[in-house]
Structures are given as structure tokens and as C-alpha cells.
């Protein structure tokens, strides 16, 4: 049974993913996509989305992408994450697309690109997930 | 006029800092400290604080530490951020301590250590802030 | 006058680029490619290429890619660099391909993928270059 | 039997560590120190030490520090490395000091500070080492 986008959104109920309003819209082993709607309480001083909002958004999508690829019984934890910021995260909605740089037995590395509705790249996040045997 | 901890907390009203419940408790040019109380809606699946919560927490403290050191009229933006995760962020409260690795005219680099109430280190975050002339 | 691959190789004469044997083979504003031949004195214990060799290789190519894109009179310095290692760097030859994640007036961010002759990805390196006005 | 500085230097004979001229001068489980003498063939255009030289220097010291802490029969590989550059690496000699941010059973994270003879910090490198069971 594959993990579809709706099931992933459901799983994050009650977590930071729900607080931020992250909605998964696509999920396959090679690509996971989610959306987040701009809200004032997700901004930093000045009105752009907070860098922490972008990092939390990407972290959620990269972790979900790992889960989609886990063997039965295994789980995952994030070892490290690196973000480069390029442009302000603006209304009305942001999209995050996670693709694998590496899918191994011990670690997976996902790169998530966050962009605005008009295609401007706001941030690129690369994270290493440790695979924990079940 | 120096920026004290209370003033910084006040400045982040209405931003992600308030949504996460970040409270600044100490602010000097060489060290900025803040606290965050564990809440269920800041967790990830499993009950530990979400990695994104930790990164957003650190990002807020590192940015504030930069502001404390800015020359008059200047502002700042985060160029990049790197996090290493070591242990789960657990109740009841986390503390983030930011110290400078580098304070230059063009960039500042802050390293923030996030720990639990009993002193366990959860994450270390290193971020580069660009200094924008006023 | 464009900077071609031969001119770049020539410029690095007498530097670490020559010591490691880096040869530029392609240079355009959107893509810079170089090669490095496996040598025993570039390895680490065990016989694979040293992680430092891979990082120095990528750093050289990313810096050259920045130079190709600099406005007249400007220069550049590396602010930070992040490497993920995926597989051993093996004989006979490695190729590094640098592509831009961001080309701005103040900073450029280049991502360099290092692979073996048979297409295995050894490392991905992302570096931020500061642009210094002339 | 503890690994002393001389033994570590000996182990890197024939590798990149020897090519760069890295000499270990102190080795304990909590701190490993090495030196590197400025040479023209380790520079970049302009005369400062190449960023790749600094990264390779740190990588070598951080890996050695991991080996000092490995349980019997285990080995290690570098998962990822992050460098922030602060100042030019200048003659006559650089010193690298590695200290642990985390020593776990699965991973170790070392932070290496590279400085000049007069105490100027050139770079800070943070690297994650995977511990491979024997």
C-alpha cells in the first residue's frame, strides 16, 4: 500500500505540520510536493515568511519523502539540514518540491526547493535522514 | 540605547516567534538567550519537538543576536543556515544560546545551541547573516 | 571576451588546482565542468579519494563558475560550503559539474556534482560566493 | 593502546594528508590538534591558502579525531561537512583544533577551528562521521 498525499497530510494532524498549514499534494518515491498558505503569524519582522517557516516546511516534506521510501518496519530521524535562502517567501502560497539526491540503506538525502506561486525560488534545503531498522 | 530581552520579545509580536512562544531572556552583543515551552502542536510524529521547531527557534535567536550587533540604520537577512540534530527536544522547556563565530562588517555568523532543561544538547545551528547598510 | 576552459585551467597554474591536477573542460555562464585524475597521493586511508580532495575539487570549479559570471572589475570570495558524501571517489577519473542555484548581485550559489567515470555520484557540494564590487 | 599524534601522522603517509604536509601535534578523545605549513602550491589565485586546502585540512583532523574515539574494530566514513570561511589562510603556519559536538554510537560530529599563527580564525568546519561497526 502506497502512501498517498492525503494520508501523509492526515498523519501530521496534531503536529507542527498542521500548525503551519502544510498540505501534501503529490507523493511518489521520486518526488513529494506540498503547499503552504501565507499567514501573518508565519512571518518575520517586515512581513515575509520567517526563515524558520521555510525550514520547517522543507523539513516536513523531506521527512515525508523519506517515509515514502522506507522499507517495512523502518523509521527515520533527521541527522542534519542545510538551507540557502534566495528570496522572500510571499503571499499567497508557497510550494515545496522534494527530490532525492541519494537513497541508500543507511541514509537518504533529500533536496527541497521552495518557490512562490509565480515560480520565484525562495530557498533550497538539503537534509540527511538516517534510516533506522525496524 | 541597547536592545534588551523584553524589547526583542515585543518586536516579534505577530510573527512566527510569537506563534512558537519564544521568550528572550538575555541579550548582549556576545550572547543572546531565549526559551521555548514544549507544546504538542510544535511536535512531529512520535511526540518530540519537530526539527522545524528547533530550526525556527534558533533562526529567531540568531537573527536577534545579529540585530543587537548592527550599526545604526543597518538591517539583516539570513543567507544560509546549517543544523545538526543530536537528541529529541522534550518537555518542559528548551533553551537556545546564540554566540558569535564571526562578527564582520559584511556578514555575521552565529552558532546557536539548543538544550533541554536538564542540559542535554538537542541541536546546534550555525547561520550566516548578511549585513545590509542603512 | 568570454572565459574559456583552457584559460581557466591556465589561471590556476601554481595553485592547489594544479597540485590536484584539475583540468577545466567546459565553461559557460550556466555550467562549468572539470576533470581530476585519480592519484594515490590524493587518497585517504583505504584507497578512495580523500573527502578533502573532493571538496577542494568542487570548490575550485564553483569559484571558477562564479568568475565566469562576475561583472567587469568584480571579484569573489567563498563564504561557506556544504558537502554531502555518497560514494567513494575511485579511479580512473572524476568529473565535477557546477550549476547555479542562484545568481544575484551580492551572492551566487553554485551546486557541484562530482561523479565517477561510470556515472556514480560521489558528492554534492553547495557553496555561497560573495560578489565583491570592483 | 591509545593513538598518539605521531602514530596518526604516520598513518596518513601516502595520502592527501602527507601531500598537504599535515602534522598531528596533539591527540586525545576530546581534542585533536594538527599543523599545516603555508606553501604556494596550496594557495588559490591571490596568494591566500585555497578554501579546499582548509577544508581538506579540517576533514583530515576531524576524521582522525573520530578514529581516536572509535570502539575496537569499528571504522568511519564522512557523511557531510560544512565550512564557514572568515579570513584568509596566511603564512607561516595554520593550526586546526577539532572538538566534539556529539559523540554517539551511530554518529560523531566534530567541529574544527582553523587559525593562523597570530590567532586569527580562518574557518570553522563541522562534519558528521558515520560509525561503521566492525
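The letters A, B, C and D name the chains in turn, as written, and every chain counts its residues from 1.
Here, contacts are C-beta pairs under 8 Å (C-beta built on N, C-alpha and C of every residue); 3 or more make two chains touch, one makes a residue touch a chain.
Nothing here was measured: the structure is a model prediction, and the numbers come from that model.
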Chain whose mean Cα position lies farthest from chain A: D
Centre-of-Cα separation between chain D and chain B, whole angstrom: 29
Separation of mean Cα positions, chain B and chain A [Å, integer]: 21
Distance between chain centroids, defined by C-alpha means - chain A, chain D (Å): 33
Interface hub residues of chain A, defined as touching at least two other chains: 79-80, 82, 84, 128
Arrangement of touching chains [line / ring / star / complete / other]: complete
Chain C - residues contacting chain D, complex: 11-12, 14-20, 40-45, 50-53, 55-57, 59-60, 63, 77-85
Parts of chain C lying in touch with chain B, wherever the complex brings them together: 79-80, 82, 106-107, 128, 130
Residues on chain C engaged by chain A in the complex (per definition of touch): 82, 84, 86, 101-102, 104, 109, 121, 124, 126, 128
